[in-house]
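One structure coming up, written as structure tokens, with questions to follow.
Each chain carries a letter (A, B, C and D) given by its place in the written order, and its residues are counted from 1.
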Amino acid sequence: MKEIHDRARKLMKDFCKVCKICDGRACVGEVPGMGGLNTAASFKNNLAALATVTLNMRLLHEVVEPSPHCTVLGYDLDMPVMAAPIGGVSFNMGGGVSEEAYIDAVVSGSREAGVIGCVGDGVPPFIHEAGYAAIRKNDGYGIPFIKPWEGDELDEKLEKARETGCTTFGMDVDAAGLITLRQMGRPVSPKPPAELKEIIARVHDWGAKFILKGVMTPDEAELAVKVGADAIVVSNHGGRVLDHVPGAAEVLPGIARVVSGQIEILADGGIRDGVDVLKMLALGADAVMIGRPVSIAAVGGLQEGVATYFSTIKGQLLQAMVLTGSQTVKDITSRTIFNG
Amino acid sequence: MKEIHDRARKLMKDFCKVCKICDGRACVGEVPGMGGLNTAASFKNNLAALATVTLNMRLLHEVVEPSPHCTVLGYDLDMPVMAAPIGGVSFNMGGGVSEEAYIDAVVSGSREAGVIGCVGDGVPPFIHEAGYAAIRKNDGYGIPFIKPWEGDELDEKLEKARETGCTTFGMDVDAAGLITLRQMGRPVSPKPPAELKEIIARVHDWGAKFILKGVMTPDEAELAVKVGADAIVVSNHGGRVLDHVPGAAEVLPGIARVVSGQIEILADGGIRDGVDVLKMLALGADAVMIGRPVSIAAVGGLQEGVATYFSTIKGQLLQAMVLTGSQTVKDITSRTIFNG
Amino acid sequence: MKEIHDRARKLMKDFCKVCKICDGRACVGEVPGMGGLNTAASFKNNLAALATVTLNMRLLHEVVEPSPHCTVLGYDLDMPVMAAPIGGVSFNMGGGVSEEAYIDAVVSGSREAGVIGCVGDGVPPFIHEAGYAAIRKNDGYGIPFIKPWEGDELDEKLEKARETGCTTFGMDVDAAGLITLRQMGRPVSPKPPAELKEIIARVHDWGAKFILKGVMTPDEAELAVKVGADAIVVSNHGGRVLDHVPGAAEVLPGIARVVSGQIEILADGGIRDGVDVLKMLALGADAVMIGRPVSIAAVGGLQEGVATYFSTIKGQLLQAMVLTGSQTVKDITSRTIFNG
Amino acid sequence: MKEIHDRARKLMKDFCKVCKICDGRACVGEVPGMGGLNTAASFKNNLAALATVTLNMRLLHEVVEPSPHCTVLGYDLDMPVMAAPIGGVSFNMGGGVSEEAYIDAVVSGSREAGVIGCVGDGVPPFIHEAGYAAIRKNDGYGIPFIKPWEGDELDEKLEKARETGCTTFGMDVDAAGLITLRQMGRPVSPKPPAELKEIIARVHDWGAKFILKGVMTPDEAELAVKVGADAIVVSNHGGRVLDHVPGAAEVLPGIARVVSGQIEILADGGIRDGVDVLKMLALGADAVMIGRPVSIAAVGGLQEGVATYFSTIKGQLLQAMVLTGSQTVKDITSRTIFNG
């Protein structure tokens, strides 16, 4: 990983310092860029919330070769991890690689590592076009995320995404509120439950599944169940849309308490290594999304970089499973967490 | 804003570093100046108290174009924000602009931005004279604050302030205890309820309203209701009169619990951006006052600087309202705050 | 004070940096010297415990010219403050002034400021000799503290101290455990209640009073009442005898709860300014002792330095009394403290 | 100690900075080396957990010459302290001394100081060979720890260890999960209770005792009792196997609550001085293990270094016993700890 990070540090110069611990301090307010909005409190809260969680180490058991395999949204994954949808290499990551090369690295590298990659959306159009191309190249093995556009743009994007052959569609409603996009005549906005219900019904008609990203309260998690979503992603959008939102790990247990078992729960925000993955599962997630570290690995090492990063994560997760006595991901529960 | 801050940094040299985050660390003990008294704990507490508040982000709703409009003390405001009464450019801000230019920028810039500015009081007399002139120029659209002088000085000031055509009068009782003023033969002091009641009755006779600034406990908030004040300002005077007072955001909920609905509640202390405004409303305020950032904008950009600053705040507040699902300021409640 | 501190900084070079905030960080482990033992956790805890206390600011009342006057141990004091017993200029403070000049400054300066000074004990003998001389010079107006020696040494010291004409005797049992003294054949040790009872009875026979310094638990405070002490000092000996003891302000409320009204309670540890004095009173103390800041003032400005320091403290205390609505020290209670 | 530390700093260059406070910050992630794994959170938690514990200082009693003597696992010890099993000088400590010289210093120095030393295990074989030689040289006075190998290796090691003449055997199950060892064909793994029961029965047949190191939860402490272990060591392996495990001092009280009196409880992690020893006893330990500081003393001063370090610890423990009124180690209880 050191080599990959060194290369990324050069290519992302002025956009990302590729810090030893990626915690939002060095890039406060850098949006566009890789940072958190304004004071970056939401970004930092993601890290801080995970840091307060400590684990029950257990060694008197038979778990020697655990299995992190899982099935999420119908995908068989080598571990409960996905690459989060991030795009915009030119204005967020310094443009050291092309959008096409970048997103192909994410999707192909994830697939190579036995997990699955998501692709983002935005302005200009080459962001989603590059992402859709990468999914098509991978025979539909990738998840397109669409911004919560108003009106026709949303419908058109869904149709275009469908052509990738994907079996799951995502929407990051947490991208709403970007007034700049509205001012550019490309408004994104929160989505009323009724409208979401229609969109999800259409996706279901296509035989596909639907992920709703950006749920941060128990009441909206229940709404997500009601409108028929197959999964939610607990996420504050990497701290990039609203300052002073709690960390995902902070709100996750409250959300899991009300919707666990009714909908698949993904968590996104501040996950840096395999132990963080285990923590999120213990707090109630069925799987996690990883953002910035994957982007950095993609810029620094393309497909191989992404695969190497996930391989590192998997090694750490395996060791953490052994040391907490977790044979399968189902054994990772609240009992895995130390409670004062 | 960057340009405005750069100019302010030059003009306020040795008095204010115009830090990235204005939190009282760089100017500890600088009174006179822009700092907090002694260890600046009260100043820092204002920031720290707000920082502990995190928000419930919600995206599944119909709030796309929220309205921050409100009516406070009879004023129709574009958002629930006022410029706090601060004066003394020569000894607090380095004298890079004149008191007249400064306070006119605050009052006119606030008006231009659809909010309202307050003006301060003090020694020497040009402080209140400059302030009153600015209000007169703005057709009485501004709020004069008078220090809690003993005896005749108070009466004279009220009469002079009345001539500005203003419809609201304020008194910052939190300025009491400045023993230096007493030693100069210009004593200010706490105000017994009976005396306040008389003053307020007189103001009411004039058909005007009265704001009592410097209420930090529920019992004194109830006293403020009893003596007939129209509004209180929860404020520790920017941490400039007593060290080790809690932050305004810390005491606000307890005060709101006992007087909400009986009196208008303003909060002042540590508000830096639109999200902070939303937090204060969620904690129980009807509106907020902003101090140092407005002064810096006034020094750095005069009327345009102040208007630009408020415009930035408004954009942030709007985005925060969208992302918390708040159509109007009445929708910003305790439900907007994350509770562990 | 700046001038006094500058001079002290020169004279105490290598022994005390005379930091802006005297909090034990710059002198970790410097015993002898001015620091806290080992990691200085006990020293730092004194500061940290006081820092967590915040005040209820109140302005709607008649307190304009409060009085901090009080009677403690029969002394009429201008404010509830004493100089703590500290000696050993040569090995603790760099020897920039003589022990005689130093302790005379403390005792005479305290008296000049309307408070009272204590003098310390130790090896070599010139420490207590200088202290006793200073008390004699001040007509017995000063309090000699004697270390908890074993056997004859204690009796001899009491007799010598009696000759100063003092009306109160103190013992700092918190000095016990200094194994080095024991190894030098000058053992100090904890004192069993029975032995203390005898000592106190003797002092009472002389018509004098007795202060027991170093009480940090409610059970030992009750023992102090039982053996007849007139006052206790809640103190961890400035963090110089045992690492990781709580701050005085942390244990004070628990102690006040069980012995308040039965014995006079002094508090010592981390008090730096007048607001800290008010905090200790609000937490249950009848008066406070101040250590390092007085020593620094004595080294830097002799009698005038000490008097100036106390005058500063008094100004801050007066302002804090006005701003919390406390006419007398009896009005400073738990109601003065903000409770979450 | 200063001289010893200076020499160690030179010899351990690039491996250990021999910091003033050994808290895991300067060596984050340095495994191999002296650091904690990954973010070193587990290492730091050991220190942080101890730091939150503060003590009840008591001086009104008869404890003047306390005795820290104790009997642990049948050993008469001058104080309840052991040297933790650490090996691998060449890759962990820079190789400035030989493995043989190092481990002999630990075992002989511990014995000289009236305590007992443990020796580690690992790859390459000279680690345990050097350790066993040191125990033999000390007439069996030392405790061999064996890693939780799979299959024959474990049996062989037990037999070899038996030849040292030792009367206690230890196993650090917390070493499990080191996937690297597995990949080298030398697998270590968690131990199922049934297998442990057999091993312990064999050791008991030899008339020896068995210590299980790496218990961090109450449920596994109960398992340890069930399988017949004579003692457990509450330890997160110095933070070197799993990131984000709580500090030993954090989990110790919960463990002591369920197994105290049924099994001897040792605690390991973050103990730096005699006050830390007393804290661990107060939290429920019967004795403690000290790791890094002993290694540093061994590298810096060989046998004399280790003996000097333990002598320092003992002096601090004695003083802490006097100042908390603890005549024997049995008097160090929860009453010794300050409870808010």
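Keep in mind that, in the parts below, contacts are C-beta pairs under 8 Å (C-beta built on N, C-alpha and C of every residue); 3 or more make two chains touch, one makes a residue touch a chain.
A quick note: this is a predicted structure, and the numbers were derived from the prediction, not measured.
*Asks:* For the two copies chain D and chain A, is the contact made of the same residues on each side, with over half of the numbers shared, or of different residues?
*Replies:* different
*Asks:* Write the angle of the rotation needed to overlay chain A on chain B, where the fit uses Cα atoms and the result is rounded to the nearest 5°.
*Replies:* Best-fit rotation on C-alpha atoms: 90 degrees.
*Asks:* Please report how many Å separate the Cα centroid of chain B from that of chain C, as a whole number.
*Replies:* Measuring from centre to centre gives 41 Å for this pair.
*Asks:* Please set out, as single numbers or ranges, the residues of chain B touching at least two other chains.
*Replies:* As it turns out, chain B has no residue touching two or more other chains.
*Asks:* For the protein chains shown, what form does their contact graph take: line, ring, star, complete or other?
*Replies:* ring
*Asks:* Can you list the chain B residues touching chain C in their complex?
*Replies:* For chain B paired with chain C, touching residues are 28, 38-39, 41, 45, 148, 150, 173-174, 176-179, 187, 189-193, 196, 214-217, 219-220, 223-224, 227, 236, 241-246, 250-251.
*Asks:* Going by the contact rule set out above, which residues of chain B touch chain A in the complex?
*Replies:* 20-21, 51, 53-64, 273, 275, 279, 315-316, 318-320, 322-325, 338, 340
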